[in-house]
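Next come two complexes built around chain A: one with chain B, the other with chain C.
Up next is the complex of A and B:
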């Protein structure tokens, strides 16, 4: 994958093959290729490719950065990781996030998208809801708010006494929640954090699914209606199977975001939460690297994170294929 | 609603109206869930710290506009804002130029290594940035770019590049070849063909990626937090985080809420103006 970058020079001897036909090697053409390919590739290799490749090596050393010593220790870091209770707790939290957050987000955004597109009244063709544009615009708000700010807003909402959540619950008679610290209690910290991530993601995927559903041929809905299918049946039996690949893409994006979750968790509970209940791998990696200076060890965490991410994507692809996923080429969104 | 269904009082219309009502209720609940925390933040940004710590449901006694001044100057949000504009603005221009160039060459020229470069870019898009962050720290350190705005700009450019190339690749691929041929016959060189003919044709694609990149870079958090730790150079996202963690002790909650509004408002206003274009871009970007 990334290991082969460095074998690629910015510009090769390509005088024979520039475009389809053989072309003379002029200054114009050579300078063009050198600049157009060389410049972006240099940036890419220095700042993206080489760090990834270096990471694999660092993870096999005991490097602590500023001291000169960097000894090759083989897989020691990985062995240590699998005996590191705090890190394992972080892995479990990430996995939990990667299961719950995508499912809830997709169910919620798919439901809302369905309501917007085929929830409209009327007996003619299946139609969208009135004011659909208004709902779409509002729901999309969180996407343009920086994740860190979303986290900070909700951290304030969840704050006991001065936060609005406890006040509202108190107002409607749930006095048991007076001064309840949602993010400070090990039982609720994780669900509350999940809720914030879902709140931040639903609007984006709702818009994505609306586009996908609009891309379905209206005649399909028409046929279903004539055959007597109700709206619920139409949604579950027609819409979902037809946009299955969009759902798969959404699941992978959401899962990758949940395996990161760094920004949200830093805003909600920078220290990992009560009893590390919201600690995630990236947070642990960040502390280990930039507070403790254990660079070799932290890089090994990065490798584990990458491996879990790849494994996650693989599982989603496999499950989708086994449960009868359609040909990916056919299911492009049309607008 | 009633006018729509009035013409045909069949079984379907009744069901349809019921469904529509439920749909409206569900969507209104969700919309409220989105708007209320933001409204509460807006209200709180006009409160004094005592009021913030008092009843969260109360309205501000008087509008404490000084919260905004305090956030802007004392908390340094003004400076962070300026830094963010510089970093994101420069990075955005650079990544669009470099990305378009790279995508163009990869899409329209065949040469050995073309596929390899393309798939490397794709791999760069897939791996988590956390894997690269520690080595990246030392790459920047060795180049004396650590804790500098140019260093941050270059990193932003580099990590936005794979997506930009990936997205624009398909765009350049779809452009008609005849126009390029015509330009060549008319004596335009490769440089001219690109800047005067091909690039203008890719404008819609460029606009979509630019919007997507802008949001991504404006919201970027990990890269600045790890690579830009000098508080004079903070960008908004990390400035907000550090302000919030200090506010736990020093407590100027009114200013904290004001800072949130300062951060959110400009992007939200731009969004409402350009929402149609933005949603189209985002769906294109998200589906690829």
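Up next is the complex of A and C:
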């Protein structure tokens, strides 16, 4: 999983008024430019830009992956992709994940963050619930566990008959679930998998939102309370608008994680789940490349996945901008 | 991974790029996989003259590298053989390394033109044979050579040893472990209840009813192994209808799954599912956990599998289970091939890339594995016979399952068949989905037929997949 979190910028770009003067190209200046401009650029071009170009090229070939020979086939792979019902099913599953997982995670983590920061006693200073620190640590736990371990643990919990879930349901009298295969039934496999992903992510985003809420001047909350705003109203009308940028960032990170989802799905249902109901694009890409030996075709899948991810980010930015968010170009993470 | 030749700048960049990309996101997972490699043809590994004692011309002080799939059989049996070879060729080095990700680990080496000398291309991540066929050495001379005891190797093997490793007429993979497919049961449990292992699908249905009366199930399945029932059904249909059925499958014929042999079996299985003869929830159960419900809890009476099952479940088998196997059932009691016929093929395909540094060394290591000493060691420690015949004593090293294997092979005689179509085109992943749905009762026999036919049709209609016709 890739959750590379952006470094926190300081107070944003400060416009400095530097009078531009042409200075002579001394050795100092040239060596400075080589080290601080040339080197990073070279690294970027070699390790980031060129692989992307290579990937685009391979997606236009019939490369098997195990030989050095390949033929250029133009857009054949892409035509095949859009007629491949299993891949299209994977795309639909990914889109569903990218819609549901971020929304549920954000609503849950925002609620929890509000409770531990401003949900406390109605008198005195604005503060969180009693023992807020304890709840905060507890809910952060899942994020400390690697995703693959989370997946494997929950796979055991969902195991029919011997799994904890079925055992508990059976104990409380719901005997219909005695040997229910949560991950083996097409109706429940996807919701169960989504639950696991959300469970794993809520703690981290809660901490992120807590930091954001802490960044808001407490006087704002006090003023709202004096004006008679209840906790719910404070949360929806004060907190959310003020930490809007954080929510947007969280939405994009979660969306990218949901578009990947490889680790969770591979741990829960390596084969793609009943009727491929939990199959995601990276899984299909992986089997196509390594067990079917069609690297060209699977690279095309990778390109489609990249395109879908970028499209997703674009939609989130646009929606945020249209609904009155700040200019996305100025959006930045504040903690 | 060690690269014997100096790491070229290009290769370094390509690999480094793989690393960077994995860090930046799965979306471009494959982007940097090198597409063009060096074209050095590698040397054939010779060096010394070929003699009866050194049939492949192994050079003095040679280095041989083997990558072995580390699965149910482990990999130390190859180390054992390597030690034997090492003793014989003092000064040479035989290096054996395990891997569980054959395709992922070796893909860059195949592209780069520096593959290892010997590979056990097995397991869930094996390399599809149709993608590397052109890059493999033929192994005919291995079987023509004399073994370490001085007998021609071909004469020491079970008949048909070359068949499963022959693609398009080229013998490129030596399958080492003799595997047969059957239905496995607890002899003690069956004796206690006076049951007989059924020979037909009708018999299976009757036994299912008896099991139900005892509060037990007939079968159990796990989500990664739902296709064991695919194997059972296909083998039963081939026995029922003979080569006609097998060739239709192998050549991806239209409507092959609608043949009456399949339809009869699918209908019978559908009835079993409907009657609740399968332990429920298999589509959500990990396969070894499911198998333990048969071997340890004895909730289910029968399990269709390959002969590796005893070794696989060794630690999760009830004491006094007395595992035994019988041939897979046929649809009627008058099949085209006799009931005793078996799908048996050697498994664990060992391949030698033609571009390897030391092809002769890879072959020499195979020769060591086929020696009496190494093959006996395998049979004894893994409770499974190799393709070298006559090394399992009558008591099967104390294993009832191994005894029954010998008995099944003796009864089958020459009625042995095999097919490669599903592994060859990598169809198992897609078939698992359909079978899991069918065994959970979400698909009926017609739905199963349609699902399997779609998978077959997809491969047939995909012009980018190289087809390998089968004529006999």
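Simple rule for what comes next: the second predicted complex is superposed on the first by the 272 of 335 C-alpha atoms of A that agree within 3 Å, B and C clash if a C-alpha of one lies under 4 Å from a C-alpha of the other, contacts with A are read in each partner's own complex, and residues count from 1 in each chain.
Going forward, a residue touches a chain if its C-beta (ideal position, glycine included) is under 8 Å from a C-beta of that chain, and two chains touch if they have at least 3 such contacts.
If you're wondering where the values come from, they're calculated on a predicted model, not measured in any experiment.
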item: Touching partner for A:185 - first (chain B), second (chain C), both, neither; value: second
item: First (chain B), second (chain C), both or neither touched by A:83; value: neither
item: Partner chain in contact with A:323 - chain B first, chain C second, else both or neither; value: neither
item: Dominant contact partner of chain A by residue count, chain C or chain B; value: B
item: Which superposed partner A:61 touches (first chain B, second chain C, both, neither); value: second
item: First (chain B), second (chain C), both or neither touched by A:51; value: both
item: Shared contact residues on chain A - chain B and chain C; value: 2, 4, 46-48, 50-52, 54-55, 58, 65, 155, 161-162, 256, 259-260, 262, 270, 282, 285-286, 289-290, 295, 298-299, 302-303, 305-306, 309
item: Interface residues, chain B side, partner chain A - complex; value: 1, 4-5, 7-8, 10, 12-13, 15-17, 19-20, 22-24, 26-27, 30-31, 33-38, 40-41, 44, 52-57, 98-99, 101-102, 104-105, 108-113, 116-117, 119-121, 123-124, 126-128, 130-139, 154-155, 157-159, 161-162, 165, 189-191, 194, 215, 218-219, 221-222, 225-226, 236-238, 240-241, 244-245, 253, 256-257, 260, 263-264, 267-268, 271-272, 275, 278-280, 282-283, 286-287
item: Chain B-touching residues of chain A, taken from the complex the two chains share; value: 1-2, 4-5, 8, 12, 14, 17-20, 26, 28-29, 31-33, 35-37, 39-41, 43-44, 46-52, 54-55, 58, 65, 111-112, 115-116, 119-123, 129-131, 134-149, 152-157, 161-164, 166-168, 171, 199, 202-204, 207-208, 211-212, 225, 230-231, 246, 249, 253, 256, 259-260, 262-263, 266-267, 270, 281-282, 285-286, 289-290, 295, 298-299, 302-303, 305-306, 309-310, 332-333, 335
item: Residue ranges of chain A touching chain C (in the complex, touch as defined); value: 2, 4, 46-48, 50-52, 54-55, 57-58, 61-68, 70, 73, 76, 80, 86, 155, 158-162, 179-186, 256, 259-260, 262, 269-276, 282, 285-287, 289-295, 297-299, 302-303, 305-306, 309
item: Chain A-facing residues of chain C, complex; value: 13, 16-17, 20-21, 23-33, 35-37, 39, 103-104, 107, 110-111, 113, 124-128, 130-132, 134-135, 223-224, 279-286, 289, 425-426, 429-430, 432-433, 436-437, 440, 442, 462, 464-465
